[in-house]
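Take a look at the following structure, please.
Letters are used for the chains, namely A, B, C and D, taken in the order the chains are written, and counting of residues starts over at 1 for each.
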Amino acid sequence: MTENDFNRRDFLKVLGWGGTAVALSGCGNTSIEDGKETVTSYVTLPSYVIPSISNYFNSTCAQCEAGCNIMGRVREGRVLKAEGNPNSPINRGRMCGLGLSGVQAHYNPDRVRQPLLKGEAITWDKALGVIADKLNGVKGAEVAFLTGNMSGHVQALLGNYMDELGSKNHFSYEAISPAVLRAANKKAYGVSMPRYRIDKARVVVSFGADFLGAWVSPVHFSQQYAQFRKGSRPEGRGVLVQIEPKMTLTGANADRWIGVRPGSEGVLALGIINALGKAGLAIPADVAAASKAYTPERVSGETDVTVEQIEKLAALLKERTPSLVLTGSAAEGYAHGSQNAAAIALLNRVLGNIGKTVEASASVPFPQIAPTVGNRASLVSLNDGLAAGKYKVVFSYGVNPVFSAPAALKFKDNYAKADFKVAFAQYLDETAQAADLVLPLESAMEDWATVVPEYMAAPEGAGSAGYAQMSFRQPLMDKLYPDTRGIGDILLALLKQRKADKYKEFDDFYAYLRSAVLKNKVALGGKATDDDDVFWDETLSKGFVPMKGIAGAVSAKASASDLRLPSATADQEYPLRLIPAVSASMRDGRNANEPWLQESPDPLTTIVWDSWVEINPKTAAKLGIVEGDIVEVTSRSGTIRTQAYLFPGIHPDAVSVPVGYGHEAMGRYAKGVGANVFAMLDAVFDKETGELALNETGVKISKTGQRVVIVKEEGPVGGSQAGKKKIAVQVAADKVDLSKEV
Amino acid sequence: MSKRYLLALYNNFDEAEAVVSELRNSDIKGFDAADDLVVKSPIEHPEVEEFLGEKPVKVQWFTLGGALTGGLLAFTLIAGSQASFYSQMKGGKPIVPIPPDLVLTYEMFILGGVYITVLGFLICAGLPARRSPLYSAKVSEDQIGILVKAEDGSVAKLREIFTKHKALEIQEEAGR
Amino acid sequence: MGKDIREDIAWAQINKDVLKSLESPRKLYWVILLVAIAMVGVAVGCEIYQYNVGLGVGNFDNPNVWGLYIATFIFWIGMSHSGTLLSAILHLMHADWRKPIYRFAEAMTTFSLMTAGLFVMVHLGRLWQVYYALPYPSERWVWPNFQSPLLWDAMAIFTYLSSSVLFLYIGSIPDLAICRDNIHQGWRKKLYSILALGWEGTDRQWRNFRITYLTVACFLIPLAVSVHSIVASDFAMSQQPGWHVTSFPPYFVAGALYSGCAAIITLFIILRYVFRFEEYMTLPILKKTVRLTFAIAMVWTYLNCIEFAATWYSHDEAAKAVLIEKATGRFAPFFWGMIFCGSVVPFALMVKKWQTSIPVMFAVSLLLNLGMWLERWMIVAPTFSHGYYPWTWDEHMWPSMVQWGIVFGSFGWFTLLFMVFCKVVPSVSMYEVKEMVYHRSLAKKKEEQAVKEELAAKGAN
Amino acid sequence: MSVSNLLENWSKFRHTHPVDDKGHPDWEAYPSDIKWAMSIDLDACTGCNACSVACYAENNLPVVGKEKYSHGQAMHWMRIERYWDESAGVGEFDADKGARFLPMMCQQCEAAPCETVCPVGATNHTEDGLNSQIYNRCIGSRYCSANCPYKVRYFNWYNYPEQEKVWPEPLNQQLNPDLTVRTKGVMEKCTFCKQRTYTARNNAKTEGRPVQDSDVQTACQEACPVGAITFGNLFNPESQVAKQWKSQQVELTKEVQDKDEKEGNRLRGYRILEELRPYPSVMYLERVRESAV
């Protein structure tokens, strides 16, 4: 044995490799690191691990802000799949494609694996040292922290850190967020995010709210929708009417999709009120006054919806109550978006839905963990500050403004003006590339966190009014890369830089979280006498805990007095209205590097791996465009080139390009796929809230002469069944008897 | 007593026929026309067989046996192997479906027939054969060869008959 | 019109002429051989690439899971039919004009079958597991699925190939003996003396030879018909629109005879030119072959019409849609090309002057072959891209260069085998030409005798 | 393989399925009390693609990328089809009533056209009523796909795991160890999550009870946000799927459903391409659209 180097250590390593191949728990992947391998035999496995049998650990999905409760399926130390937590009032055991792709964010081959200082790998000690250096002598007001939606204990830590820095510059930015809606709801109902009860409504009229696709809490609304569509429900099968210029997934599932002229949603709402009045519904005086001028004929002219259609809709709404009227991003993305939303909210008041299908939601008893919701106005103010040179150190976490800010804001240039930019990132996305220091984050399946969703779904039954919940995100496996850290741990380390004493009892974020949770056992549904360990374990195994929320109240405060809805004006130079489409899987593009999402066809166009511009066949015929033509879409602020897709579900005055494509960085699956429509948006803002108005960009389309074969799932006959009678069959509601279905 | 072989070559069938009939009618010691006379010709010539007299051909029996065995074997093999997939139905069809099985039975019927016929041919025709002691390449060109086997004493007599009928060439060799 | 074979040609001359074709080849031969080898090289390269990377390089997709390979497979199977089938039928019918041409026609059968067999292999996704399709006994009692028309195919091709080879070989034994007697150098001497099996043309050998040849010929006729019927079953037994057609088996058999006859004409002309067989492959024989081809062309056209009409007047909307797609969709040029080459061009065979014109017949036979290849492609491809399920219809699938390369190379492979064969085995059957000449001269003598007798009788009167 | 077996059991070998057997569990050659079946409510289905992604996650489906997708080589066992109304005529689309979505996967036909044609017997009918695919046995003749009316069989045109590297490290760690990754040259298709049904069946057997609905969900069913997919044992009258089939008057063994005169035409259960007599195991419920608006 002396001649060769095959010593006991190597022997163990060999065993370790074999063990990894068969099954390896506890040590995860770290065994592959040289010199760190741990040989775990089946004999010493934790009692709950049976080789080949999956363990399920509850956690919380991080793919969108809905915060669905998930169960991670774990086999031999690897998380394989996210499944829904059946007890969750949010998703009730269900998942969406985006959520299922969370494992691909975790296992993504393009994750950042070490801290990078101007592109060079450094150690964490050095990275934290650099931050301390750079913050030295910088005033609190000169530090800005940019995040997306935040909630839970990470937010609490962030708040503490900002306090320590003496900075009030926490900007919460979401490129796609119902910010105008929140403001309008606050005005109309008294709460910014009431509980919508689609499942209780007999008719849902949605003004561009894609609640089945990408709006607020889609999996939860899908649950409600499933109830809503059941013919065996006491209310009978619900009727969904979707009013929007570009068909969303929800529009595709509507009984009637009304392709309204872009921007005229508010007008149509008032027109419906007017028609309701004519149909004999009692309309409050102020509303009647405001809607008086909106006769069906006038509205029809402005909105491109036939008089007959308006009257039919009014008749239906009058006949079938309760109903529910929703305002979505399609209606709010205008300079007069708040006005649109207010006008639409009036419908709920007129129809008496407030309190029936628009219910009060509860807010969280702990303000420091309550969600901070992102919007686009905050990016604008950060941008202004950066442009003015107000910020020397900028942190960013979970957002990618260099990608998603309109080019007109010149965010990238302004960002460069800050002296030191730190990005906490999983990927080297556009913002991380522009940053000086990139700190690699653990994935959502390796990290600890608590999540309080903004849209607070409640379980059925008594007590739902005051129901709030906090969801737990726990590691589903050992971390893949030893040099990544959770955001909580990083914030704790940064806090320790400032105030070592105060946080010295917490070794890591886990300790902090545990102690914070245990301190509030009672508020979190436990008893004071509960054993700490038992309570903690039970909480984690449940995945979420209910909290006694502060019940809000909805009121019909919607006022019609200051409604000012502009009529549409024709733009000669840029005659078409660009509607950036938010798809359920691509959202704002932060998940673009997950291959399942790229390969899963867009539900409506069935296109994969590229962006496209949807054009109404009539408009296309006028412009001489056929499917697959490469066209230039030009706005005042920019141009993109992409393939044309003729789409019947879009108003002839509108064209639509999906957002989330066109990354120049991020990873192998996202980079260079499609075109970035954010870049070409005009900087037009909602007059009341200051939100960037997404749908206010006028464009023109010109052919480039190139043509491609669009890569899509549908075949050459498109959506035609080619005369086949029994493939996807549709039947009129009065022709079937749904009441006896099981 | 030692035997000798004689090969005479002729230009056409008429001459050959005359020689053969004379040989058959002659009474030469140690020479039996049925066994010791072989006619070699460059082409298939039914008349040669005629004047040589009927000799039964048995290839057909091989054919019959081969074809029947092939067919039977095929059906048994196929049905039997299908029956071993006891609980795996295919396409809702019976586990042993008759019409599709008949197709392969038919193919094997023919395959067996052809193979065994050829085998029978080789056996009946005595092929592959050792070359006979006397052979002339002319036989495969355009001449008829008559090969006889006789005792030493009869050679002269035979030669006489051959020359009488204008043999082009006469070869002689000691038998083995 | 050229002369037929002379009755008074010396038999030795026949040997000399035919054996000359086995001697050192002309330059032209080498050129053809080299081109063929280059073509095979292309195919081998494509196949190695496809084998290593996967069938995807051929641009297959769902639903177009089959492509040119299967179409070309049927083409070669079809081409194989004329050789043996015609040889056997004409043999039974005592049509003596078959004798100078049947040898190469049978060789064509063998080699096109060998080419077709390769396409089955090339087509497979896991070529390295092809032995799974063999009914070998294994300890797991796993057998192939005998219900599958594809397995019938394999079995039928095997039967047909081996029977054809035997038929060809048996028929060549006397000629191989001639070779043995005349070629005394090198490896050939050994080869021929082995292959000739000691044939000496004895009466016993001839007696058994005749019955065997007849029996095998009798077997081959139904076999050949069944082989292409089974290939047709690959399609007719399936459920797909445009394939599920009762008339497919006769249609395929007719198509096979058709393409085989066309190929015989092509090879006839080539051999006649390359080996200077003008004495044996005479124009009257060409004329007879051409007439036969025309008759079969009309049968094929008729069956085509039946198929279209049956589809058109059936209630099978899906099959009708496939037909319309063929005639008007992106396959229209090929479809109408097939109709033109298969049903219009053959009328050129009716022109008496052209029937014996070598250049015209050469061009026409090539066109007919092209038409028959298109026919096979038009059977396979449109059904895939236009099946029952509209969602999966496909208008963009186009075979890649890999597929085309292998198809292209298969013609080289066939040519290569054929050219080599022609240098090893006499491509004109010497002994049967002798028989033909002998019988004709006998007949002539008889005729003369009759005339003489008549004259004598007249004189007597 | 033995002649005596053949002769003794001749009549059993001559049963056809499902028409002769009518799906009864007591037929000896079919020793199963399980028939997996599905029903999909198209009125609930929103076309969101969650089922399809779940299928990728559960069944180790390779992501083929844009170029191969463009060649139609995508490997989605579950695909969502999107149709438009064609009120104005074939090919003239009308979006007023939204789009129609149809999740399409292997229909697990009882008399599957794909099974008879496989030269090596790589695809068979299992005793629990599934159309199995034996990857190891497949030689890639693709005849099954050629004969599939629904075109739901997907072929591995490339060596996705090794040569095409569709799971670059560490993405490969997500692969489900309960089933294989497939190499080039084999056919694959939806298995009704065989790995899950198999476990459920074994568990039930161990516990000596019939399989219940709560024992197993397919990955697509589990994910479906609207619960449009119902899956279970059709032979168990208590299962939801059996109840649905029964209430919709859809019978497994009929190619033309003779629904009740009065009420039957107000039911919305149907099977796709039923008239070709493959006896598919998936029942769809027609999409309903309100005509009052």
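Following the convention adopted for this analysis, contacts are C-beta pairs under 8 Å (C-beta built on N, C-alpha and C of every residue); 3 or more make two chains touch, one makes a residue touch a chain.
Keep in mind it's a predicted model, so treat the numbers as computed, not measured.
Distance from per-chain Cα centroids to the pooled protein Cα centroid is smallest for D.
The chain pair sharing the most C-beta contacts is A-D. Averaged C-alpha coordinates give centres for chain A and chain D that are 32 Å from one another. Distance from the chain A centre to the chain C centre is 66 Å, each centre being the mean of its Cα atoms. One finds 30 Å separating the Cα centroids of chain B and chain C. Centre-to-centre spacing of chain A and chain B amounts to 89 Å, using the average Cα coordinate of each chain.
The multi-chain contact residues of chain C, meaning those touching 2 or more other chains, are 141, 143, 145, 147, 151, 388-389, 391-392, 394, 396. Residues of chain D in contact with at least two other chains: 1, 70, 74, 81, 83, 102, 113, 116-118, 121, 273.
Shown for chain B are the residues in touch with two or more other chains, namely 77, 81-82, 84-85, 90-91, 93, 100.
Here the chains touching each other pair up as A-C, A-D, B-C, B-D, C-D. By the touch criterion given at the top, residues 1, 68, 70-74, 81, 83, 102, 104, 113, 116-121, 137-143, 145-147, 149-151, 153-159, 163, 184-187, 273, 276 of chain D touch chain C in their complex.
Those residues of chain A whose C-beta lies close enough to touch chain D in the complex are 29, 52, 75-76, 78-84, 91, 93-97, 100-101, 103-104, 107-109, 212-213, 218-219, 222-223, 225-226, 229, 231, 237, 239, 241-242, 247, 249-257, 259, 312-313, 315-316, 480, 584-585, 595-601, 603-604, 606, 608-610, 617, 648-649, 668, 673, 709, 711, 713-714, 717-723, 726-738, 740-742. Interface residues of chain D, counted against chain B in their complex, comprise 1-3, 5-6, 9-10, 12-19, 29-31, 110-118, 121, 123-127, 279. Listed in rising order, the residues of chain A touching chain C in the complex are 709, 714-717, 720-724, 727.
Every residue of chain C that touches chain A in the complex is listed here, in rising order: 317, 321, 388-396.
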